[in-house]
């Protein structure tokens, strides 16, 4: 973990509430891996918001990384109002990374809403490691879809304005029913109800699945004990989402 | 008093820490008089700063009024970062106004630093009422001087970068020593040490003097009792700077 | 979506228009905002604490901003009960809302004397008793920190009035529920809480306390979570209604207090920032109820899904 | 301008490098930030509260942001004294700073057992005793709310160690000075305050408490004025040193605590926001002293120009 500052060198508005921010920060881009996140201090000289906010590292290109930013409250709103040239304090890279190993040949990425954030960089790493990638993206509506750097995308929207009309899990279920594949691994990120539904599906299908959690965090680096996730194995108690996660095998944890 | 909103329709940067803001607000310009002030909510959806900040009405032109804004802390800094087109919540006009009556023919305005703020509009009202006006402006240094709309200005700077090298009170004292004038009234606004020094001078010379105080205020309209000024007459106790003032005869109050 | 929600709230014989009030000391005597305030939208006004004789209050500085809060040592500056009756009550009678007069004193006799004087006139609908005052007979010990003293005050005042009697509690105690129970037991019709928390601020440059009295009371959004916990605790401990006070700045905050167990709420410090905020909050509560098909705002009271009533004592901190 | 200012601070036989510490529970076991933290710039680390057996802590949600503050119910989750000795102490011994181990327990015997176990190993320089825990033998009554219980704990621990013993006080009491006096009387070398204030937050949409335990502890800048008043009060009441804690976010805040009477300060919640903040504060205090020609940081302690030591009790609120 580093405590550093980053310059905002680019900003794209995707919809009213969705932005890409490009942050120049070689100290972080040098070592970050897919699945890791940063804690950003929205306003350095301010107590509003008091705590930093966590964001997945979405993409890395040379000295800069990107975050996909969805405005949901005061902190994300203020961050979205930053301009190119502004500086923010950043802690990172934080958390564990997605596990890419030889147990699988095809990766199925499942994203709900802004949960797509960690998948551009994951896609890149998966392909570098020679994996097949199938991507399923779900959003509330068309304007909230983000597919940059993703491959083999199948999209779904809750309101049917684009792609499959229904939830992303329904879309994945339909796909799995019609496909015979060996050595699969799912990677998922999104709202808890989506992960729960996916949990039922992968349990039923006995599939390997890793999820990236967005538990609320105060510190992001293991000192507050605020971000606990309950482990299925009751002897083990709790894990820290920020340090032991944010990526967990779905069958390890209680969602 | 009105509780309303105003659009920022103009902004001039005079120095690194001194700005003019023009606020369109007919509800206030219709009734405001020289010496009155407004309470501005720096950020409507924010608790930082929590309280509104008081500013003298410096100038009125049709539907807009001006404030002279000196950046001293977090609230004034945030206000100085507002842009043309932004909206702010305003309470006003507040407080009493300067007393312009037949007891004097010549007004001597004495301003220290941003204490010059109420004098442009006062100058206008004095001249409309046929008074002679002599103005003394003191500032730390040249770049902090503001003389717009003022007449017969004699400036002084603490560092001698412009005009008289010394305090504004020294400058006024020298002037009074060399001038024979009848029916004088002083109007003063500035830091407490300046007002105290002026108090000694006017007491000595038996001059009529009204001061505009910048006591810290929580509400600005008489409900918090936070802004008290001690009255010389101990039977009367305290006055409220926001309601009974901000303009007081210097011999009424304990500075 | 409902068309109308019942908003009224009753203490004894007095029906308040709704459950939103302005807190003592944060709305003057109620008449300062006369030309902009729609009084008929409020449950009522709690006036600045009144003592028997006028009090000049503490020397300045009296008020300081803190992180999300305000620290004050006004010192209960007030015009005294006589001047209130002659200069303020005639105006307050013309305002279309309920008037709750807050009383402060430094002895039980003084509390009784102020109340008796007010009993002799028209226009006061209820009393709120500020017990966060030093008891001169007990060497300045704060009345509100002792269940016995609060019981005595309540008992004496109860004998002297048929009007609703609300005892306003200080949070600067170990067991606020005990104090609330003492008030309830002696016949208080309601308790209100919290008054300010004792606080201090120092000017590092001058090395002096920022308040002339060194310490004062903290209020505003900073204290909201503390106030909410106390309201939750007290509302589980007594069966009389609770007025929730402390840092209420939004409709959302007010709803939190109702859910936690407050039958009504008071807006304090935020009146300084927005003199119309209490009205916006009252309207917002109505709207929330209409949208959520809640027939009576009272149905929200204490409806938080939290049955760990002893959590406050059992917490490991 | 001075070249060097004396920064050290002594409790018993232990000399701390300076007067800036990180507070228990807000810096893990001290090793989480190992690769970025210059430990030699700190007075010392107060580790997460240790109990005899490991504690899993409370279910999530455990932490919520409030206005200028944080509300937590971690529930003293910790790995227990044995695991601490085996997994953490060997690392802590290699850090170039003093280690103060904080102890929490639900009985006097448990406090003693944890301390005795730690007495048997090397690497612990001092103890801080967290008394904001429910006493199981007294039906869960919080130890820290009773001068008698705090006296008993202090007495028993004092008998068992020659190392500095710091008793950490809860602010959720009427007379914190009485509790401090009890600790001082039984031989505590210092008191530290404040621990968190009890608080609560509700999610209006789900109508549930935001914390799984309903109530928790409030910390952060919001509580600073309250903490400062308590530090001022306690430092006037006892002659042993006081560690000031509560909402310290800037050098300025730390100076306020020193001026109010704290001999040293602890940074808590703000470590989450900026893991290097304690170091920045230590550097800032040095700079302030150099600029103001203060030879020893200790000269600041209690130097606020405020002699109204009873202002806290006499305040009219």
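The letters A, B, C and D name the chains in turn, as written, and every chain counts its residues from 1.
Everything below uses one rule, namely that a contact is a pair of C-beta atoms (placed from the backbone, for glycine too) under 8 Å apart; a residue touches a chain by one contact, two chains touch by 3 or more.
For clarity, every value in this text was computed on a predicted model and none was experimentally measured.
Shared contact partners of subunit B and subunit D, listed by label, are A, C.
Chain centres here are means of the Cα atoms, and by that rule the chain farthest away from subunit D is B. The two chains most heavily joined by C-beta contacts are C-D. Each chain gets one centre point, the mean of its Cα atoms, and the points for subunit A and subunit B are 54 Å apart.
Centroids of subunit A and subunit D (each the mean of its C-alpha atoms) stand 36 Å apart.
With centres defined as mean CA coordinates, subunit C is found 47 Å away from subunit A.
Annotation for subunit C: residues 67-69, 221 touch two or more other chains. In subunit A, 47-48 are the positions where the chain touches two or more neighbouring chains simultaneously. Across the interface of their complex, subunit C is touched by residues 66-69, 71, 73, 75-76, 104, 130, 132-134, 140-142, 145, 170, 172-175, 195-202, 204, 206-209, 213-218, 221-226, 228-230, 232, 247, 252, 255-256, 259-260, 303-306, 308, 310-317 of subunit D.
If you check the complex, the residues on subunit A that touch subunit D are 1-3, 41, 47-52, 89, 91, 215-216, 218-219, 221-230, 237-238, 243. Contact residues of subunit D toward subunit A in the complex are 25-28, 32-33, 35-36, 48, 56-57, 59-65, 68-70, 72, 74, 77, 220-221, 249, 269, 271-276. Residues of subunit B touching subunit A in their complex: 45-48, 74.
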